[in-house]
Each structure stands twice: as structure tokens, then as C-alpha cells.
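Each of the two complexes below includes chain A, the first together with chain B, the second together with chain C.
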Partner chain A sequence: MSARQPLDQALNEALLAVADDELVCGHRDSEWCAFAPMIEEDVAFASIAQDEMGHARLLYRLLEQRGQGSLDQMAFSRPLVGYKNAQILERQNAGWAQAIARHLVYDLYDDLLTGLYLEACTVGEVADIARLVRREERYHLEHQKTWIRHLGQGGAEARARMNGALGDVLAESGGLFEDLPAHRALKEAGVLPGLPSELQPEFSQRLAALCLTAGLDRPAAPSGGLGGRLGRHTADMEECLATMAEVISEAPNASW
Partner chain B sequence: MTEAEVMAVLATVNDPEIPVLSIVELGIVEQVRCRTDGVDVFLLPTFAGCPALELIRRAVVSALQAAGAPQVAVTFLTAPAWTTDRITQQGLDALSSFGIAAPGDAAPACPYCQSTQTRRESAFGPTLCRQVYYCDSCHQPFERMKPLTMAVKVR
Partner chain C sequence: MTDEQRLQAFEARIASGEKIESDDWMPDLYRKQALRLILTHANSELMGALPEREWIPRAPGMHRKLAVLAKVQDEIGHAQLIYRVAEDLARPLGLTRDDFMKDLIAGRAKFHNVFSYPAPTWADVGVIAWLVDGAALVTQGALLRTSYGPYGRILRRICAEEAIHLKHGEDIVLTLAGGTKAQRQMLQDALSRWWEPLLHFFGPPDEVSPNTEQMVRWGIRLKSNEAMRQEFLQNYAPKILEIGLLVPDPALEKDPESGVWHYTQPDWDVFWKVVRGEGPKTKERLSLRRLAYEDQAWIRQAVQGAHHVA
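And now, the complex of A and B:
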């Protein structure tokens, strides 16, 4: 029992990062509702937001069962440093090109993370949740791929904006691939088959192939935006948390 | 109560978002277990973010309590995974009568004119489990249940 405790804690840490990524990504997605360039995209981003929140909920629920606090408290009432999402996901929405670029980067990363690592986790509950999550995420990935092709082939203005947004997003996406000591412990013990950083070559290869078919520039490797996994965040995260937690701060005992 | 009696009660509990469809037809009832003092019901969530899950839980509890089960415990399982293949034929017929085409790989028949000259307008619809289609024959937009099956391996 005692030999497993550090590993249990390591897995909790790794799962919290995944859950926080989903939550914060979902929140930014939800902010597109009523502001997207067309009504179909209001619906699509609202729907994607709901999916991401659902995935976060599955993971927080599992963490709750693993003794890590209550679901709502984990989602909305931790201090800023308690959140372990990658910084790129907390950045404020900054236009449609950024939204598509960021979501594509996240969905490509998430497909590899859930498909190669979490589905192969030796802890059954984690693998079960990963399977539920990835089959929904592939609709998101398909959606972003469609958009990136449209924008890449939509004329000089759209292509320039898409190239610019992908460059900006990638220059802050290194945090998705940041390894924690917990990840190394989990790999060493065989609980997860690899490290986040080891997903990066395949991620870059897939992204480059997509950019090629979309007529976009060859993308740079993800870099920068580090520290989110350690609880270090940008000022955008403070605003994000304040908005997400508005209801629970106003009415801590409200039920919904 | 016997398990068959419990299933009969559950067959009267409808999906809040698709009210013509019972949760038994939807295929989310994985198991029921009768105890001397009550009933355990094990359900499979459809889409992870479905906001109807809590409503379904409450509807199951109140329907079984009204039928005489003193204690009802509802548990949502994460395995096995619910897929759209679990919807019964009766359920698919009910969906169609509600104007929602059945999930599948091929172009769906339009629920209004039965033409298969249909195309997907968006993978995302008014609820997580629905997509938006358009019929090129009768020029009617309609919805289809979003196919949800297991994803193939990454490699």
C-alpha cells in the first residue's frame, strides 16, 4: 500500500493537468457563443465547450473518488496556483484565426495524449474515461481540420492570418508538452507508457502534414508558454477564473 | 420488486431532450439489481457533457419510488461505453417519428420525405447528441442522432 502512495499522488497530479486543460479550454470555447462569425459556429463552439466541460467533469469526478476534494471545489474554488492547465489554453480569445489555430493544436495534442497514453494507462478507470473522451474529441479535431483547410485555401488574407495565428499559438504551446516529475515517475513505473514531451515529434509531423494540404507554411515546433503545469499562469488566467467562479463566489451554496 | 418489474418502470422514463424515447430504448440501462430494501440501477452516460444525466437520475429515482421501491441508488458507469448501436429498433423508430434520423455511416433518409439525397450541414446541433442535416429533395433541414462509436486506435 505505502509503496503505491507516491504513484497514486503522481497519477492524481497528471490527471489534474488533463482535467484543468479541458475545463479552461471549454470555458474559452463557451465565450464564442453569440460571437462566432456565423451561427453554425456559435452552436459548434457551444457544443464543443459542453463536451470539454463533460470531459473535465469525468476526470474531476475520478479525482474526487481518489480523495482529492469535491468536484465543484476542484473546478471552481482552488487558488490560482492550484490550476495545472497549459498557459496557451487560458489566453483570452483573440480572433477567429487564433481560435481555430489553438483548438487544432490542442485537439491534435489531446488525441495523441488520450489515444497513446491515457487509453493505455494501467489504472482501469483512467483508460475507461480516456476512451469515452477521445471518441468525442475526434469530432472536434475533424471540425478544426475542416476550418484550417478552408482558411488556408480561402485567399491571401485568410492564409496570412492563419499562418500568423498558428505561429503565435505555437510560440506559446510548449507548455502542453511539459514533463513533470510525476510524469517521469508514472512512466518509470509503467503506469503510463510515455512522457508528454515524447508526443511532440508525432504532433509536429501531423500538424505539418495538415498545413501542407491546407497550403499553409511549415509550422514551427511548439515552444514557450511553460509553467502552467507547475501552477504558473498569465494574467488572463485570473480573469478566466474570476468569470468561471462568479456564480459559486456569489452563492456558495447554490445547487445546479 | 423483481428485475422485470424494475425494467418495466424504467421503460416509462423518457429522455428529457428526446421525450419520445425511453431510457431503455436509448440503451443506457446497463444493469438493475434488486435488494430487499430497494433497487440499484446502473446507467451508462451518453455524451460526457450531457446536462440531462442529472435529470435522468432524478426521474429514475422518483419513478421507482412511486412504484414502491423504498431506496433507489442510481450509478453512472464509465464502462462499458454507451454507443449509438445500443439504441433499440423501437428507439430508432421513435426517433424517426420525432424528426430525428437514425445514426449511421451512410447518408440518412430524410425523416420527412424519405429521400436519401441528404447532406450534413454541421457535426454539431442543438444538443450534444444531435447533428444538423439538410434534405436536397424536400429542402427541409433536419437532425440526426450523432453517431458515437469507439474511436480507432491512434496507431
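And now, the complex of A and C:
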């Protein structure tokens, strides 16, 4: 047994958390398609959903090459406890303000995760994917920034809804910054430069600046919603998995 | 110039194959007929997204999920492009996109019959993308040379994308046809369900309304309903049979002499019922649209407000 094996396993676990985040986020985005507040936004959210799921596909493919099973099996047919996404991303859609608030939080987090963390990975394939993902995520972030400005400056009702949604989302977003033992092992071995939790101060600072510009309240620090990285999920995740696997499970070994 | 002279000059332009642009003079009736046709198309693209969107979250596998999502995005993108054409045409009438949406959700506007039907299985997604989009491509292809220039230009792009949708649908259909017994049965059931709506798609064969004659004369429309239905049967019936599927019409047959396809007339009472807004899913789908529209009024107001501030 080589000394790299436990580290390989740790990296697989860390990558799976990123892939599952992208998948579940893209899935919830895709549910907006045809029901966004305007047609232009249907098109935009469908495009963002394809980007997120495309990122998930890149990561699952890399995991496939690393011997972790097939792409579709990983994405759609694992038991609930095998999924490592943060709980906030699995929560069911609950209106446009929540959609924008959650996406802003996720895009900001993802920008830091890819830019400060994954791009510095000593495994070349991981750094390459991170660079590609970050390039696309920047556009998502711009999109959400435009929306929080619209809603933050679009009258009392819109501002109140946006403030409320951002508060609710942040109170469940602690799970994004949760460290696994795998993350600590990777940091110790120098494969990755730090820990996800170490991204949080920078995240909060940037979010506060964005909220100030948009005319929104000063946001709280992300908290709560813990355990997703360890496979603990809400009932919303059960619904999500059942939906995603509904057709495939009719004939799991057939071509679809 | 008198109105009569203007009309003559207008008709001469159309007769010589010139295109009419949004700021050209046109008879009121031309504007209204073109607008009605274009809005029906836009509404259809938008409502057409609803049956397929239900399957985005459930699509089997990453490849299919991304493909269905991209396809639905295309359809809504088409709606957006066509509504913009309609907005220009409707401006002198004082109508905006908001009026179009209000008419649609109130059940006052037309959209294609075919989007009033349920899509209960994954096989329906394949049949819709292959055959419903195939039927749409026949009707849209027939409009490419429409006399209204902006619409014709947008249709070129739309037809190019629809052609890709056909490939996507055909791929789903062929995969199911080559799959397990249950998958083949699911496909057969979907085809049987969609056959009548597909024959309805092109409208009744004997179009005698003065409206239609006028639209053909002005080059807004170019082909008869029956000519388009024959084109569809010629393109798709042989392929359907080649896959080994059964068409639920024992009379379907091509006359070897004339090349004309014979078929049993679908129930045209059902067609008119759906036209009147009494299709199996018409009310449910319109009410989904209406709820989304009403729930989100605050967002449209906020965006307009933010524009005023900025």
C-alpha cells in the first residue's frame, strides 16, 4: 500500500463535496426554468444551471478517472449519506429573493473556493478545473450583483424581502465552510493551501461590501446548516434525490 | 397618396418579393393579422416549455439532463426573440409585452393546441422533441419566406435550432426503441398518445376562412394546412414505421401513384374544443403561468423602480 493512498482518498472526498454542491445547486436552478419573473431571466437561470451542472460533470469525470465509479452512478444513484453537498444548496426553491440570496452566497463562496483554494492544488487536473469553473462563476456573480442592486434599490418591499431572504440563507450557510478531516489531511500534506473554514472572513467582508453598495442591511456571518459534508441532509435532499433518480431507477442498467 | 394608392404600392412590393419592415406603412389588417400569427407562435414557444420542463429535474443521467435543459432554454429563448418582433409590430397599437402576458394568462390569447396535452412519461419527451418539433419545423419552414421581414429573419435562427432539437428527440426515441421491453412499450404508448394531436397540429384540411385567403395573398402565410400535414407525414411516417412502432391508424398508407398519404381524419371536434381552451392541461398550465406572474409582480415593480432611480 503506497503512502499516497490515504491522501488520494482525502482528495476524492474533498472533490466530491465540490461536485455535489455544483450538482444540487444546478438542479435547483434548473427548476426555475420557465417560472422566473421574466423571460430573459428564464434564459439566464437555465444557462447558469447548465454551467453548474457542467462543473459537476467535470468533477465527477475526474473522480471517475480516479476510480470512484461512473459519472451517472455518482451523480444520481448514491445513497443519501454519500452526498457531501452543503445543506443550504439542497433546500427547495422558495421564491425569487431566496434564489438570488442563495446564489449570491454560493457564487461568492465558489469564487473564493476556486480562486484561493482549489487553483492552488498541487494536483494539476484539480487546479485546471478550478480555473475553468472560476472563469464562469464570475459571470454568475455579476448576475446576482445586478439583482441585489435591483431589489435593494427597488423600493421598500423589495428591499425587505431581499434582506429577509439573505438573513434566512446565511442562517443556514455555515455548512459551506465546514471542514472535513480530509481537508485537514490535505492541508497538512501541502496538497491544498488551507481549509474551507479559513475562507469565511474574506467571504463575510466581500458580502458586506456588496450589501452596502446595494443598499441592503449589513449581513450576519454564515452559520447553521451543518453536517452536509458528513452526509447529513434535510428532507429536501431526499426529495431531490428521489426526483433525480425517478426515471433511471425504472431500469438502472438500461441505456436512457 | 390616398389609402387606395398606398395599398396598391404595398401589395406591389409584396408581389415583387420585397419584405415589409416594422416602420414601413402597412394596412391595419396586415399589422393585426401578422401580429396574431406571431403572438400565437411566441405564446406557443413559451407554453411549449412547460410539458418538457417537468422532466428536467427527472431526466435520466447527466447527458440527458443537460440536453433537455438546453432545449427548454432554446424554446424560451425563441419566445423572447419572437415577443420582441411582436413588440415592434404592436407599438403603434399601444400594446406592450405586459399586455401579451396578461392576455395569455387570462386565456384570451392563442397558443398551439399541442401544448395543452400531458407529457406523463420520459418517452413523451423524446416524442415531443422529435415529432412535435418536427411538425413545428414544417410550419416554421413554410413561413421562412413570409412577407414580414423581421419575423422571417428570426425564423431562420429558430429553424436552425429546431433542427438540433429533432436530433435530440430522435436520439431519445432510438435509445428507447432499442432498449428493454418496458422502454419500448413506454415509447409506443407515447406515440399512440401524440398521434392525434400531431395530425391536429396543422389544422383542418379545408381552410375557407377569408382570413386565411387574405394572409396568403399578403404573403404572411404561404402553405395550406393539408400541404404541411402531407409534408410531415412524408418526412416522418416512414421513419416511425422503420423503428418498428405502430401508428394507431390502420388506414395510414401512401398512394404509390400520387405520393399522397391517406389517413383517418382525426376527431376535429376535439381540435376545436382544445382551440376553445378546453384541452386536458390548458387550464392547469395557464394557472401555473398566472400564479408565477402574480407572485412576481413585486419583482417587476422593483426592477422598474430601480431603473427610474438609475
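What we mean here is this: the second predicted complex is superposed on the first by the 250 of 256 C-alpha atoms of A that agree within 3 Å, B and C clash if a C-alpha of one lies under 4 Å from a C-alpha of the other, contacts with A are read in each partner's own complex, and residues count from 1 in each chain.
In the analysis below, contacts are C-beta pairs under 8 Å (C-beta built on N, C-alpha and C of every residue); 3 or more make two chains touch, one makes a residue touch a chain.
Because the structure is predicted, anything quoted here is derived from the model rather than measured.
For A:53, using the defined touch cut-off, is the partner it touches chain B, chain C, both, or neither? Pick first, second, both or neither.
Both: A:53 reaches chain B and chain C.
In the superposed arrangement, which partner chain does A:184 touch: chain B (first), chain C (second), both, or neither?
Neither chain B nor chain C is touched by A:184.
Check whether A:248 is in contact with chain B, with chain C, with both or with neither, and answer first, second, both or neither.
second
Go through the superposed model and pick first if A:43 touches only chain B, second if only chain C, both, or neither.
both
Looking at A:135 after the superposition, I want to know if it touches chain B, chain C, both of them or none. Which is it: first, second, both, neither?
Once the two structures are laid over each other on A, A:135 reaches chain B alone.
Now for A:154: first (chain B), second (chain C), both, or neither, which partner does it touch?
Touch status of A:154: second partner only.
Once the structures are superposed on A, label A:4 by its partner contacts, choosing first (chain B), second (chain C), both or neither.
Neither partner.
Any idea whether chain B or chain C touches more of chain A?
Touched residues of chain A are more numerous for C.
Take the contacts of chain A with chain B and those with chain C, and give the residues found in both.
Touching chain B in the first complex and chain C in the second, residues 40, 43, 46-47, 50, 53-54, 57 of chain A appear in both lists.
Which residues of chain B touch chain A once you look at their complex with the stated criterion?
Answer in residue numbers: 45, 47-51, 78-79, 81, 121-126, 128, 132, 146, 148-151, 153-155.
Contact residues on chain A for chain C in the complex?
Residue list for chain A touching chain C: 27, 30-31, 33-35, 37-40, 42-43, 46-47, 49-50, 53-54, 56-57, 60, 71-72, 75-76, 95-96, 149-151, 153-155, 157-158, 161, 243-244, 246-248, 250-251, 254-256.
Using the touch rule from the top, collect the residues of chain A that touch chain B in their complex.
It is residues 40, 43-44, 46-48, 50-55, 57-58, 111-112, 115-116, 124-125, 128-129, 131-136, 138-139, 142-143 of chain A that touch chain B.
Touching residues of chain C toward chain A in the complex: what are they?
So the residues of chain C touching chain A come out as 46, 49-50, 53, 55-62, 64-66, 69-70, 72-73, 76-77, 79-80, 83, 122, 175-176, 178-180, 182-183, 288, 292, 295-296, 298-306, 309-310.
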